[in-house]
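In what follows, subunit A forms one complex with subunit B and a second complex with subunit C.
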Partner chain A sequence: MRPWLHHNGWWLRRLLLLPVHLLVFALVAFALVRTIPGDPVLVVTGNQISDDQYADVQRRLGLDGSLAHQAGEYFGRLLRLDLGDSLITGRSVTEEFGSRLPQTLELAALGLSVSLVVVLALSAVVLLRPRGVISRLAMAYARSAGAIPEFAVAVAGIFVFYASLHWLPSPLGRLGPDDPVPTPVTRFPLLDAVLTGNPQVVGSMLLHLVLPVFAMVVANSAVLLRLLCSQLEVELARPATRFRISTGAPRWVVLASIYRRALPATVTMSGTLFGYMVGGAVVLEGLFGFGGMGQYLTDAVTSADLTALQGLLVVIAAVSLVVFLLVDLINMALDPRRRPGSGGAA
Partner chain B sequence: MSAPVSTTTIRAGRLTSVAAEGLSRHFGRGAERFTAVAELDLEIPVGRRIGIVGESGSGKSTLARMIAGLDEPDEGDVVVDGRPLRQVLRSRSQRVEYRRVVQLVAQDSMSSFDPLRTVRDAVRTPAEQLCGLGRAAADALADETVSALGLSPDLLDRRPHELSGGQRQRCSLARAMVVQPRLIVCDEVVSALDVSVQGQVLNLIKDYCERTGAALAFVSHGLPATAFVAEELVVMRHGRIVERGTCDEVLTAPAHPYTRQLVAAFRGRGAGSAA
Partner chain C sequence: MRAGGWRWAGLAGAGLVLLVAAFAPLLAPYDARKIAGPPLMKPSGEHWFGTDSNGLDVFSQTVMATRLDVLIAVTTVLAATALGMAAGLAIGMNESGRGGIGVLARAGARAADFVQAVPAVLVGLVAVGLYGSTPVTITVAIVIILMPMQARLVRTEVLQVRGEAYLDAARMAGTSELRLTVRHVLPNVARPAVLYMSVLFGVSIMLTAALGFLGVGVAAPTPEWGAMISRGATDASLGHWWPALFPLTVLILTVLAVTAAFSTFQQGRQRR
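For the complex of A and B:
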């Protein structure tokens, strides 16, 4: 048991820290609501309410009683995964998030995954054929990093591929009007579609995902490509690469060692980019008529639904923490010097 | 502690001589174009230890990389047993054979190792890839080679940053010597080491060449270390050879003004100290 712990302690420690980090964010969310200028109850309801209604909203916001009582209630509910009820709809925020968040996360994850595949493929072309036409085009695209917003690509894509060429289905949801809706099992729509085993549903859903994923990939890949190519250039020029070649290592081994050293920066950037992609997915959901967090968030913000917003802060923090945990674990696996206690400069 | 000559059976490499013929290498473009090596001719017969000295920027390291086949000349070529190196490197089997018989050892041993892999990986890979040994035999040969260099084989399982500078440089030598090369190109291998370790490393290199009859191209800006290991000295300046002769000839009767400066500095420091 002890040797196993010794070898795996680096990721176990990082995993065990996750609840601590979550607690910090929960504390921030708790404090934010209580530091809103003025009376949060009046911010939510306006001034036209009776004393009974005031007390009811105050209780639903968890703002009744002493601060210690409020904190006890708040963290007790959090431990039961209860984020409270929406002040506007009266429905459980946890349930709303449970049904909507997977849709948004799935879209963002698909965008990031396809983006990574594209970036890895293009970077390999740039590395192996730096003077070729594809490499030049790829680097020209990489220099446009951050200049193309997702919604602009999405609107252009709808105009070209749906309105003009009719290659893709209408941007009115994840499925066509005649497609059966998959039974929610995991609540991740594409995964649920795959679980139905119905190729028509899977095909239709994939076709409906082409444009939003395309928009995400076009808008976000340039940053990753630029970063990865610059890192690859640095690692290619390092003496370690020359010596790897001189040891007679096969080409793929030399390439793999260059990529392994170049990837950590790109992996870290992917974690950051995932956050942007979740934000972008919220906009794209509105544009393509997908269910998800988009409309819910818009309603929560415009109606000052503090319970929903407080819950959102905790959930998004949890998602970000899990994403950055994955980023750290991947980077520690790629570069053992990053592991705590390795004694090496990363 | 003596330089490794393995008891593990590996086929001896074949090499008679390596020669630079009209070798030139330029860097940069336009007004920033810089000539590192200019129309240089130099023959290194196997069995001969040649020291290449000169100030920083004289083109020594560029020459070393080109001889090792890790950089391509702009003009001229390295000729290996009568065949141009460009042609040799084009064929996989000949490329493997060339890497097998000519090995480079670098100044910065830290940057020459892949920081993410163990030193064992770096030392056994040449044995596997260039000598065709299986994993177990290559591991055994790696252990044997580092032991002969005075290191514990356990050190092989560490990563480069977990070793001291001297240990790393010896592992660097092990990576080169594991395939029993016929020519070792040493590029400033002792300049980053403290004096006591410099002595050990120089002895190991000299010992290996004497035992195996391998050639040595020892590149250094320090005359003392070079004079210690080499039989013949080549003095480089601005990418060209300005003087060449046996160590005695160059140290006792330097002809070129730059060589005279080098020798004067060498005598000023005392011939007993290394680089």
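For the complex of A and C:
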């Protein structure tokens, strides 16, 4: 047991810190809602309410009693994963997020996966044939990093491929009007469709996903491509590469060695990229009629739905913390020197 | 394109954008908030960029939106860079210190790393939801999002400079820690952060436009690129391309021009 703990402490310790970090962010969310200008009760309801209603709304917002009492209630409910009921829609915020968040995360994950595949492929071309046409185009694209918003690509895509050419289905949801909706099992729509095993539904869903995923990939991959290519260039020039070549190792071993040394920065960047992808997914969902977080959040913002926003903060923190943890763990696995307590030279 | 051509195109473009932003009210032929003609007119001599579905002049709107978006971007980038440099210096110089300050600095470094994984658009949404969709809220929210990026960059540089002998020499000469940081550390760590301002500019423009696109950005009658593109998207799916295409093109060209202009500084310095 002892040596096992010793060898695996690096990731165990990070995992145990997760709830602590989450608690900090829950506290931040709790504090932020109490800093908004004006009386939150009046912000939510408008001005015309009786005293009875006032007290009722205050209680349902979790704003009655002393601050300690409020905090006790809030954290007590948080432990039961209860984010409260929205005063605007009257529905449980936890349930709304539970059904919507998977859709958004799936879209973001698809965007990130496609983006990683494209970037790895392009970077290999740039590494092997730096003067070729594809490499030049790829580098020109990398230089545009951050200049093209995903909604711009999406609007242009809808105009060209739907309105003009009719190659892609209308941007009105994940499925065509005649496709049966797959039974929710995991609540990740594409995964559910695959699990239900109806090829027509899967095909239709993929066709509906082409444009949003394409838009997210075009808008966000340039940063990653630029970073990976510059890292690869640095690692290519290192003595370690010359060592591999001089030992007569096959070409793919040399490549693998270069990539392994160049990857940590890319992994870190992928974590950031996932954040961009979630943001992109939220922005695009409304445009494509997908029922994810997008529409719900814009409604929550325009109607000043404090309960939903407070819950959103906690959920953002939870998702980001998990991504951050994964990034750290992958990097520590790739490069043991990054593990805490290894003294910098393991 | 030759590197020199790219460079001058960038500088000229960035200058043009700043001029348009500064003199927008003089350039706009119509009031950007009032109906200027029949709805959905194609671009013509009278309406250079056509009119949108409400009959507003797209050219006037685009020009006025440039003013607002560029103003927000420039303000946020400058503020975030100043604050981020201060935070990065404070963290970097104290990180290996003992006691409360050291712990605080290390926590700050981790927090700045963590913020990179937070979806910026969602932070913007929460800020607008809690404090209202005014340009000031959006500016403050974007500064909060951008600041950690600069802090992180500056901190990394500080860690490399911190062991240099000239700092020890200055300490021996009795220079205070604050003066040392400002006079000797800051000049040696500022360059990457200054160059990184072009990236921040892009992010800032994207965020403002994304919030506008979602319909929760700067409130409705005020022209803003994202909101214009969002309204134009409905027209585009019916085949009317101009209300969305023009603000979209200007947005992309603006960010490209600023990026190119900054990359010329980088190359100019390297050549010497």
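Side notes on the structure shown:
Here is the rule we go by: the second predicted complex is superposed on the first by the 344 of 346 C-alpha atoms of A that agree within 3 Å, B and C clash if a C-alpha of one lies under 4 Å from a C-alpha of the other, contacts with A are read in each partner's own complex, and residues count from 1 in each chain.
Just so it is clear, a contact is a pair of C-beta atoms (placed from the backbone, for glycine too) under 8 Å apart; a residue touches a chain by one contact, two chains touch by 3 or more.
Source: prediction; values computed, not measured.
With the C-alpha superposition on subunit A as described, subunit C and subunit B fit side by side in the combined arrangement. When both complexes are overlaid on chain A, the residue A:T94 reaches neither subunit B nor subunit C. When the shared chain is aligned, subunit C comes close enough to touch A:I316, but subunit B does not.
In the superposition on chain A, contact is made by A:I36 with subunit C only, not with subunit B. In the superposition on chain A, contact is made by A:P250 with subunit B only, not with subunit C.
In the superposed model, A:L334 lies in contact with subunit B only, and not with subunit C.
Of the two partner chains placed by the overlay, only subunit B lies in contact with A:P239; subunit C stays clear of it. Once the two complexes are overlaid on the shared chain, A:A304 sits against subunit C while remaining clear of subunit B. Once the two complexes are overlaid on the shared chain, A:A156 sits against subunit C while remaining clear of subunit B.
For subunit A, the partner touching the most residues, choosing from subunit B and subunit C, is C. Seen from the CA centre of subunit A, the centres of subunit B and subunit C span an angle of about 80°, rounded to a multiple of 10.
Superposition on the common chain A brings subunit B within a closest Cα-Cα distance of 10 Å of subunit C. Subunit B meets subunit A in the complex at residues 65, 68-70, 96, 99-100, 103-104, 106, 108, 111-117, 122, 125-126, 129-130, 159, 161-162, 175.
Within the complex formed with subunit B, the residues of subunit A that make contact are 238-240, 242-250, 257, 260-261, 334-337, 343-345. Put simply, subunit A touches subunit C in their complex at residues 32-33, 35-37, 143-149, 151-152, 154-156, 158-159, 162-164, 170-171, 268, 271-272, 274-276, 278-280, 282-283, 286-287, 294, 297-298, 300-302, 304-306, 309, 312-313, 316-317, 319-321, 323-324, 327. Interface of subunit C with subunit A (complex): residues 113-114, 116-123, 125-126, 128-133, 199, 202-203, 206, 209-210, 213-216, 226, 229-230, 232-233, 236-239, 241, 244-245, 248, 251-252, 255-256, 259, 263.
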